[in-house]
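Shared between the two complexes below is chain A, which pairs with chain B and chain C, respectively.
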Partner chain A sequence: MTGGWLEAWRPGPGRPWDIRAATHLLRRATLGNPRALVRRCLELEPREAVDELVAGELAADNGVDDQLAATLPTVLASEAPEDLAAYLWLRMLATSHPLRARMVLFWHDHFATSVQKVRSAYWMAQQLATFEAHGLGSFEQLVLEVAKGPAMLRWLDNDQNRKGRANENFARELLELFTLGRGNYSEDDIKQAARAFTGWRIRREAFYFDRRRHDTGEKTVFGKRGPFTGEQVIQMAVARPECARFVASKLCAVFIGPECPGPARDEVAELFRHEGGRIGPVLRTLLASRLFFDPRFRGTRIRGPVEWIVWALTSLEVLAPPQLLHRAAARMGQALLAPPDVAGWDEEEAWISSSAWLQRANFAGRLGTTIELRPALDDFVPGRGELSHLARRLFPEGLGDAGPEIARQASAEAGLPRPVRLNGLLRALLMLPAAHRF
Partner chain B sequence: MATPSPVLLTTLTTVALAAPTLASTLDPAGDAGQGAMVRRLAVLAPDDTFLWIRVRRLAPDLGRLVTRIASWTQASGPLAGIVPARNLLRVRSAIKLVGNIERTGPGSAIAALAGGDFAFGVRMSGGRGRPFVIARVGSDREATRIRKLARSMFGVVVETRGPFLFLAPHGETAREIRLGLASRGIVEPKPAGRRILAELPRAPIAGWFDLHDTGPGTRLRNATRLANGGAAFFAGGMAGAIGRCPAVMFVADLATERIHFEAVVAGVEAELSPAARKVLFLDRPALVPLPKVPGTVARLQLSRSIGDFFLERRRLVKPRAVRAIDRGLSNIENLFRGYRLETDLLPAVKPGLRGIVRLWNEGDKTDAPFRFPQGLLNIDYEGKSVQRAVQTAAQIVVLASNQGRKRRGQLVYRPESETVRGYHVAIGELARPQGDRPWPFAAGVRLMSTAGKDGFFYGTSPALLVEVLDGLAHTAPAIAGGSERVLDRIELSLATAAKGFAQNLDVLATRLMLGEGLLPSDSKRLLTQVGHILAASGEVVVETALRNGGLVASFDWRPAPGFFDARFATGGGDK
Partner chain C sequence: MDRRNFLKTGGQAFFALPCLDPFLGLVPDAALSSLKLVNRARDRLLVVLELAGGNDGLNTVIPIEDPIYHRVRPTLRVEHSELTLGDDSGLALHPNLGGLHELFREGELAIVLGVGYPSPNRSHFRSMDIWQSGRPDLEDAQRGWLGAAAETLGRRGSEVPAMALGGTELPLCLRGKIVVPTLRTLEEYQLFQDDRAGKANSGRKKTLLGLVEEKENDDRLARLIKRTARQAYVGAEKLKNAALSYRTKVEYPRTGLGTRFELAARSLSSPLGTRVVHLRLGGFDTHASQRRTHPALLSELSTAVSAFAKDMKVRKLWKHTAVVCFSEFGRRVAENNSRGTDHGAAAPMFLAGGSVNGGLHGTQPSLEDLDHGDLKFAIDFRRVYRDVLESWLDIPSAEILGGRQAGLELFD
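Presenting the complex of A and B:
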């Protein structure tokens, strides 16, 4: 059904399937560009690479996801949200299914829920597990599961929603922020939808439908009349064309960038409908499309703090203390599990305030002393220089105009002790403008 | 050949040859005093023992000390060495002196002793003492210059290792010195350490750390200002005396695998102020430790009169600290509803604090998956009114904790009570998690508190309380009189702790994973290695005691047999 923007991208003269194209795919779809994945991509055709990416087969399964998942009960035993955030960081850094991890971050922003009100790391973990299980599946199922999760029930007070005293918080955000977007519903739709969600409660740490609290009366939602339940309202909202456009615009903002043309978004919306709202197939087409690989849209996004840190570490193929990363990203304006409000984080230029930039510089200046750089230098060849070695990890496509300046700095610092020198190089590389765009 | 770590050498160059009671040793006590000194050194310095002396900012008494040492070395062997230098970087004269010692004996060197800062010492071998010098050089160029200079001198061997220079009249001695230093091993690479250990004679290594020799303005010198009751309360009797402690003895015996430190300060008891004496409750029988129970990991005993410390705070600590303590007491008073701390409670809280930690008791029934060590803390008191007050306070603490837990979305403690050996025990047990919610760590403990004739108990296992009470019933309550009185004592069984380590490996590995960014498999591998080291680490006892009016602080480590071999003599070959 695809045509125009979403037709499959075919490499050819002037548009090679090369290291630039492969790193673009990996950076947008997985945040990082580790060497093994770049190499694997280039062994495949673009379409095959995207298929493997979506299926979670691009990276060899090293068993780390299972290992980490097995620790989750112990992580949650501390009852500390910071520990869950640290766990989430490790998952993003070490996973062998990086697109799934990327989508967990995407949906965490989309269904922005803060532990500061929810207060339960366990409920937040349940929500993250929902993103992981359904993040590449049916959008309708995802919305339903998220809506019934204790985290969302508590976050938007839906567990207080009862017959005769309907609470509109959840219904309003469901329509405005989760499915349709502003202007695509009426105030009456919200009031009526809120009645449909009455009786949704939390019991024994899980969703519980309390019939006695549910308003079984007739409701009129989107012009239809009936004794709708919450599930039916979600179904109706997701089925509306505005929902396809809304989700498409969110996906385009993240995977294509802020300059994505309107007609292209419309094509993605059509694709979403055509695929029955299944996110994985939508991404399979989108990421292999002419739209995605169009050079005009490469490097047009600004990395958020999490995206920036994950890119740096996964590209260097090193791990770092996740609790420290969590605190650093929070200082830069993105505390996982604690988005500023239900609309999620302000993105793009909003990430680069003067104080956030200073925090990024501080982090870059300390990272070399925090992480164990040895894995990043395991195949270091002294004759070829540390600079080119680190630079190739972070920027496989080359440093471009910044190369000579960085080389001058490397030369000036050549006499310093090696750890100091490496830290200085890393800081210089991570503070290049190219490090903050992708 | 292994290169001694600068850190290690920095430590070792502070070693000074001095008897634990230096002041008395330095008195011109004639033959009797000298004989005692010789006997002491002879005990501590058998063959293949290294004695280090650090010479820096020579105290007026050092001349006399040197005379004593020289007399002793002349008496016990043909040669010992005393080498002065003005400072660390000026080693030219040191080289000359080593040469002079070899040619003329130590007497000629004594006159040159006026100041300086470097280490010298004696290695005992075949009934003889062989002198050596360790000095720090400023640069490679200087080291090279000195080496050239030394080569031109008859009988002096010089070797450099890192920033350190070894000078000795015999090549063999220089080598042995380096081996001796490396035998401390923990900073050595394994293969090198293994080789050194194989070559090293199994003999004790002894030394004395001279705490006077720290120069003005240093931390230790400042510690003399802590010689008051406040410091005595917080850091133990040692804190008040450490600034005046002349020397600390150190013995490492690889043959018997024992490491022992001991510091002695004479006359401390007589110098303690009345307030400090009250805080240390020297007028009362000494505490005995809580009885050992199966699986005991640690026992703790702090002899401080908590009540007297707070009551005497105006005499013991500075006014600013008094104000902070007053604020704290005011807050604490809120827990003791209807009681005034100063008049009703503190006078009754008398001696000390005791504690015990033991492994998880497999007999304890719980559905929670955690097997945390269990602990019990005991504070003594007098008077029934205190009993009621502390029990109420303990319950308020649990209630307040529950409020906080509830606010944070955490499971809360369910209050229960049991009667144990006549004690009414308040217990806080976590409610079972609902649904699929994982057990929180807090479920691994059963908070308990009770008060009775043996004082107030606060712990994490009522079963442990039963065992301790049974043990106390068969223990004499206190030790009165005697020439030695233990003030503080911590006994730690690292080997037993290793079992607790293994029981909680998953939890520890997860914490390490989150803290350090290690993958679970790497965390477990690392912790398993640490567990093995712990298992072989035997027992540690740290103690401060009053002995014949003086203060003795000691650290005693007895690793399991083969510990050092396991650390240095196993694993791959030399590379």
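Presenting the complex of A and C:
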């Protein structure tokens, strides 16, 4: 793509490919900014760094993804959603393909399916696996796979949808929330589309097409007439220009932020069509673009609870008990696997409320007790030495004018026991306003 | 310094950073009396009490003069009760509900009879969802009737409009788009303080506040974050000081519900502007040996509400307070073979408060004309919700309840 917003960003005087730019890329694309990845980015041209991120090659493969995946059957044996949530947290924190993990979170919010109604950790795990396998691939295939998954069939009652007694829930949300956006279809489209999805059921934990329940009659959807199947309706919906615009606006909201200009979104929609609706190639261009690196759009998003915790832990390069993280994020308003409704979580400023803020502060104030830093803080001078070390991990770009304030606390507390100092420093660093935006 | 100069130079900073003193623990805000909060007629307080498990309404509001009642409940029936409800209703409260009866005599307890909804669901899970969402028409509501109300109250200026007290999970009735804290103690809406840091803690608070001091070149997002953070820190401190400085003169019963009602009283008098509180009393699913547990639960209910009423009167908040009590269904008319009762349908609802339109509302369902062994409902529970939302909280109810409901005049 040439010209306009999506032209490749070319660093130069006044727009350096520096720590600030690299952390911006890592934060938006993968949530965290661990030192090794920042260094690796800066060894490459921005375009190459993006390519490696999308391909999952920027971080060295530590084998953890496979190890964790092998534990999944055990995780699911308990049938407890909290165990699956803990597994998801660990995957996000320890993966060597952080952009793919970030997209799993993105699709989880997009298709907003809640285990509280689905009531099967196994089905939710299947849905997450679909996000992982297809989240950077063809959007049409992703929608198709998700739509046929037992979790979605149960979530939006499509397993009850039958000839003569159509249930419109799934058809409606498919068009309104998953592919086209409100107002880009008619009520008749929904009614007719619902008929196409009849007979989609669950049998033996998998999709089952019940011919007897399927309405084979002619339907009129988007002005076209035919004995459409559910697969065909999905194909038609995704092919519509409104779908490209809808997906583009979601990607822009997440990767560019609320300030993204309309014309830029239009270019991303065009890019989506140009790339045949495949997400990976779209991201390769988007994340390397002038639009993405524009300083006006950096730091314009608010971190949600999961984004904030993942940033903190991956940047500190530590793990904490994932069940703890899950409960903490739930108290902050984001329980993974249980979005509040099919529209997903309310984002950006909706995350900022005084009680949510206190939850974050209290999490930050106790985090030190649950993690094991490497190298351990023993290696650093108490007070300012420790602060410097921790601050560089979280904020490679520097603390700006918050530095002196925290330095004062660090110096004042140099005489306290180390675990006490650590909790204090982490709370101060993680409760900086800059820690909650990216 | 004259006023104009003060505003020009120091005023801005002064108004931007309220209440630094209490935050640094120098002067506790002891002047914070509960009277200051409720200075507008619109500031109404609501406690929603959930009796979990399906309360046996027939042994709560008892048709004590009906021979059918005595016949079909040979072991469970209450033979006699002094707590009659009016002279000719034929109804009496269970003997353990003395506290509620006192409120009834003072015209501060409304008892709505025969409350339920069409096609009653006898699954705890499903029926409780219906009561909590206010939407029998929705298969899986994700938003509670009070969550929706809390959003409106938040927009009207309450910092923390609603709280769920006493448990760890947020009940569906309070779920909505805003974060509603679930607290077991008010201490949880507190900034955690590491005691091991000792004297360093005041320095730490200064640091936290300093990090969110507004600066000249802050953009809109920074200002929003900083303002919220300051609100959080200052609010938590105000709450702590208010909790410390207030001492209730009323003695609450030393029961689980008694403790939670005391917490409710403190929460509703806090500087956080909390207007709605949810409490829960469990154990009502009395399929067997009902005599062993139900009377004690009723006693716990009555003594707790009674103490709360006295406390709110002392705080001069009783006229601004309403307690609404509900359960997910009543129980069957006839007792079963295990000296208990099974899931039923319609049951009475209680509303207590200084501005409640006390007395009996509706008519007691017939014990002869039953629906598969259950009492038939006459009043849709959504009508009660409608009154709570519109007449009490001044919040439009149609969107929340999925339609317009006729009122019941439950409030003065």
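Keep this in mind: the second predicted complex is superposed on the first by the 425 of 438 C-alpha atoms of A that agree within 3 Å, B and C clash if a C-alpha of one lies under 4 Å from a C-alpha of the other, contacts with A are read in each partner's own complex, and residues count from 1 in each chain.
FYI, contacts are C-beta pairs under 8 Å (C-beta built on N, C-alpha and C of every residue); 3 or more make two chains touch, one makes a residue touch a chain.
Because the structure is a prediction, the values reported are computed rather than measured.
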Just from the overlay, do chain B and chain C fit on chain A, or is there a clash?
-> fit
Who contacts more of chain A, chain B or chain C?
-> C
State whether A:P417 touches chain B only (first), chain C only (second), both chains, or neither.
-> second
Looking at the overlay, does A:G333 come into contact with chain B only (first), chain C only (second), both, or neither?
-> second
Which superposed partner A:P321 touches (first chain B, second chain C, both, neither) = first
In the superposed arrangement, does A:V75 touch chain B (first), chain C (second), both or neither?
-> first
Check whether A:Q67 is in contact with chain B, with chain C, with both or with neither, and answer first, second, both or neither.
-> first
Could you tell me how near the closest CA atoms of chain B and chain C get once both structures are overlaid on the shared chain, in Å?
-> 5
Residues on chain A touched by both chain B and chain C none
Touching chain B in the complex: which residues of chain A?
-> 64, 67-68, 70-79, 83, 86-87, 90, 93-94, 118-123, 204-206, 319-325, 371
The answer for chain B against chain A in the complex is residues 370, 407-411, 433-442, 506-507, 509-510, 513-521
Along chain A, where are the residues that touch chain C in the complex?
-> 114, 117, 157, 299-300, 302, 331-333, 340-341, 346, 349-350, 352-359, 361-362, 365-366, 401-402, 405-406, 408-409, 412-413, 416-417, 419-420, 423-424, 427-428, 431-433, 436-437
What part of chain C is in contact with chain A in the complex they form?
-> 139-140, 142-143, 159-160, 175-182, 189-192, 194, 196-198, 200, 203-204, 207-208, 210-212, 215, 221-222, 224-226, 228-229, 231-233, 235-236
